[in-house]
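Worksheet: one structure, shown below.
Chain naming follows the written order as A, B and C, and within any one chain the residues start at number 1.
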Amino acid sequence: MISVYHYLILSAIIFSIGTFGVLTRKNAIVIFMCIELMLNSVNLTFIALSRHLQNMDGQIFVFFVMAVAAAEAAVGLALMIAFYRNRESIDTDDFNMLKW
Amino acid sequence: MLASVLTEFPILSLLLWLPFAGTLLCLLLRHSALACRWLALLTTLSVLLLTVWLFACLPTESGWLLKEDYAWIPTFGIRYSLALDGISLLLVCLTALLQVAAVLISWKQKEHTALFYALVLVLETGIIGVFLATDLFLFYLFWELMLIPMLFLIGVWGHGNRVYAALKFFFFTLAGSLCLLLAIISLYLIHGEQTGIYSFAFESLLQTQLSSGMEMLLYLGFLLAFIVKVPLFPFHTWLPDAHTEAPAAGSVDLAGLLLKTGIYGLIRFAFPLFPNAAQQSLPVLAVLGLIGIFYAAWIAYVQTDIKRVVAYSSVAHMGFVILGLAAWNQLAWEGSLLLMVNHGVTTGGLFILIAMLQDRTGSRDLRVLGGMWKTLPFFSAFFLLFCLASLGLPGLSNFAGEILVLLGTFSRWPLLAALAAAGVVFSAAYMLRVVQGVLWGPLGQICKIGDKDCLHEDLDRREWLLMIPLGLLVIWLGLYPAPVLEPMRGPISLLLKAGGLP
Amino acid sequence: MSALELQSLLPQIILALGATTVLMLGAWYPSRKWILGGVVIALFAALSAGLMTPAVPEVGNLYSTGSYARFFVVLWSLLGALSLLLSLRYAEIHDLPGSEYCALILFAICGMSLLSAATSLIGLFLGLEAFTLVFYILIAFKREDSRGAEAGLKYLVMGAVATGFLAFGISLIYAASGSFHLPEAFAGLEQAGGMRPLGLAGWALMLVAIGFKVSLAPFHLWTPDVYQGAPAPVTGLLATGSKGAVFASLVPLFAALGPLKADLEQVLWLLAALSLLAGTFAALPQRNLKRMLAYSSVVHMGYLMIGLLVGGSEAHRALLFYLISYAFATLAAFGVLTSFSRVDDEPQEYADFRGLGYLHPRRSSLLAACLLSLAGIPPLVGFFAKFGIIAAALKGGYPGLAVIAVLAALTSLYYYLAPIVVLFMQQRDARQLRRGCRHEYFVLALCFSAILLLGVYPAPLLDLLTGILP
């Protein structure tokens, strides 16, 4: 029997993979994919919890997260194009005009 | 008639905000250097007249002579309360006098004139505010308000190493001030918890019950802020730099006034608020004062820059003042406060004279200067007078204060008093070295007889106007200090009693 | 959503609809005059929030319409209007598209207003994302400037990760309590029993996200880069509004938290102390004004954290007062930077400021006043703000934090004085005039009078804050 805990654990694992990816990858697009992974793990949690708690709030939140993720992706890709035009790279190692 | 004017008209606020109004006007008239100059002179003169009038009119009582009190920030129990007693009256008079001198000595100031006078006037507001405020928050506000103009005066118009000196001055005093702030807030909270009434008023805070450990801690916070400003021996290192690099007006204000705010803070706030802790600290203060006298004399003796010598002499004099305060009796305190006033006048005068000398010869170096007696006789006469006053020649101003301090100290700590008396000899040594180096001897290296550069102008009218009153004051304070002692006597006995010990 | 609820949320609706209208019309009639239109819309929103009595106390269990929320609508709208005014000449010389810029700023204000009004975790999330998304764009708004794109991308990556953390944290709190509405969520969390650790973990994740958004140490590394790369007026709004709105939303959140706060205390203490120390030490060696202000903002966030940690109405009042004083001083500082900027350059390095003090005495003195206010020198408002926080810390029983705060204030003078020294105490280097325009002067004068008047007479604002605090 698959309980809500399994869902929570699964999404925690996915979230961790996403975080790990953000921290270790160099390519901005891949980092973005990892962020999407994090957000989608959140969605999974909400849907599972919504079902478990028998209220719809969680599912509403999922729609908001999806909208935010989409908007972030749109803005992010635009910024990457702007950056690429100037530097011909989207490697995070090339984010070096402003010293860290 | 007079009494009603004094009680109904907010004369203390007028005294306080008049210079500030001058500042604003100065900034408005910033395109005309001449207007600013006269405006500054007029403002400082009117403040001086006002204080002299108060000095002449007010009765010599021991309590507050004038008071003002308004609600300001009720949420925190902060009030705008000013009060004047004999001690603050004297110090305000001294402030007004030296500020006129500061304006006159920088009459030829050419760079950014408007800003310069604006800052001098703000500084006056800050200093007068410190001497008048009785709400601790207000006091702290003015205490900090003095820093900014001084920072700019040193940093913008100073000599060679000015930025370093300005920042050093700023950080030393600010570090002390922040300890003061922490202590004030803690005291305020403790008092509030005990009584349920949160207030910064000095009178209410006096009632606070403190455990002895807490009292010591808070007292140290106050003490640190004040003795850095005084400055007492281990905390004095900012002073020579600041004095040396500051422009003439800045040196006059620093030596004459800012140092006094430290002493004033000690006797007005630190001692009465924490009487037991204060009693415990007296021996330490006395010893530090004594060390200061000798250490400063020793360092002063090897300096070649006259301004530095005078700066270290300030440290020595302040050592005397602290020693007198530590003796904790009427005689010594009168001596200390008198010495404070005298030191303001003599050291202020010396810095003014040094500025004149530097204007003429372009140097303050003892190795370079010499033989001024031949080329600048009137200047030299004044220089000699102020140097002799500074080293404590009987009949001139500092002597009266020093002898009272020594007598008062002798009744409590004979040994320390005897040692301090020896310190007077040391001060004679370094001051006479300056006199000899500047006035006598061969004409300095930069100057050969017959050389055109050596024919400096002697004092001009403005300088005569400046030096004669100061010179007369030095002699008068030396011969007949009673009028100055009179208004202080009552407040001092009150302060000593409030301290709760003989 | 009923008509009454819509009416209660009118200020935010004005902002959102106004922004959309400006955006649409701007497509047909491109002009930089739209920025002035934006100022009018923002003022209108502020007015409606200030004067109108809302019909319902809470809209859809999402946003409060209480006096606290409306106060912040007014504040953010005014800040937005001021930064729009500041941007007029800047947009002109850098050839920024007026209507888009104006619409984005209005959206940002709307987001901040929503965030400060949030009473549920959904509202919090939405408000936060609304203005963060806008800032991603605004930071990189100068298209030909590659530094802007880089700053925007950095902010985006950091911000998106923070969003992930925030959402995951919310999901854990939801798991433990079963509700998004704050009072129920916290009440549920207390009785959660076995799920309680889950809820606390959710809080920890949320704190990480908040730390990113307001740049608390150790999550502050993006701050200097973003400040440096973004256009100066945008940085002004970012530094004041976006951080301020988060804190404004945290105050009711922590007030509702109740006894749960004890579990978070050590973490908050650590965050505050770390921010104070890390910001101070990082700011010390800076020779670039924007980067210095960035690190110093980390220190200021540490001060605000102290207010949050101590809790209680007095500490919260001190926090809000600090927030307002910080906002005006920072906005004015970036305003001066904006008005010093020319077509080809924007002064940032200290070397660019050498001797500017006597070439442009009024604006330089204003910059000096802002820095001194941020440093907490009386009689400027920053002093009173710091005083309030330190008093609150001592009263709340955190003497250690109070001492760290005082030490940070002392050290902060070193880096705040450095630009002042360059401005006034070094030989004049700058010969070319840097002319501003009268809109900018108006904004600067307003900010300056706020800094000075609030410092000398803070009583009315304190009374107002006492009145609006929940």
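In this text, a contact is a pair of C-beta atoms (placed from the backbone, for glycine too) under 8 Å apart; a residue touches a chain by one contact, two chains touch by 3 or more.
This is a predicted model, so every value here is computed, not measured.
J.: Hey, what chains does chain A share as contacts with chain C?
T.: Chains touching both chain A and chain C: none.
J.: Which chain's mean C-alpha position is the greatest distance from chain A's?
T.: Most distant chain from chain A: B.
J.: Nearest whole angstrom, what separates the Cα centre of chain A from the Cα centre of chain C?
T.: 25
J.: In angstrom, rounded to a whole number, how far apart do the mean CA points of chain A and chain B lie?
T.: Here the centre of chain B sits 65 Å away from the centre of chain A.
J.: Provide the C-alpha centroid distance between chain B and chain C, rounded to the nearest whole angstrom.
T.: 44
J.: What part of chain B is in contact with chain C in the complex they form?
T.: Against chain C, chain B makes touches at 30, 72-76, 112, 115, 140-141, 144-145, 147-148, 151-152, 155-156, 162-163, 166-167, 170-171, 174-175, 178-179, 181-182, 185-186, 188-189.
J.: Any idea which chain C residues touch chain A in the complex?
T.: 122, 125-126, 129, 133, 136-137, 140, 143, 146-147, 149-154, 156-157, 159-161, 163-165, 167-168, 170-172, 174-175, 178-180, 221, 224-225, 228-229
J.: In their shared complex, at which residues does chain A touch chain C?
T.: Residue positions touching the partner: 8, 11, 15, 18-19, 22, 28, 31-32, 35, 38-39, 41-42, 45-46, 49, 53, 55, 57-58, 60-61, 64-65, 68, 71-72, 75-76, 78-80, 82-83, 86-87, 92, 95, 97-100.
J.: Which residues of chain C touch chain B once you look at their complex with the stated criterion?
T.: Residues 358, 361, 372, 377-379, 383, 387-388, 390-391, 394-395, 402-403, 406-407, 409-410, 413-414, 417, 421, 424-426, 457-459, 462-463, 466.
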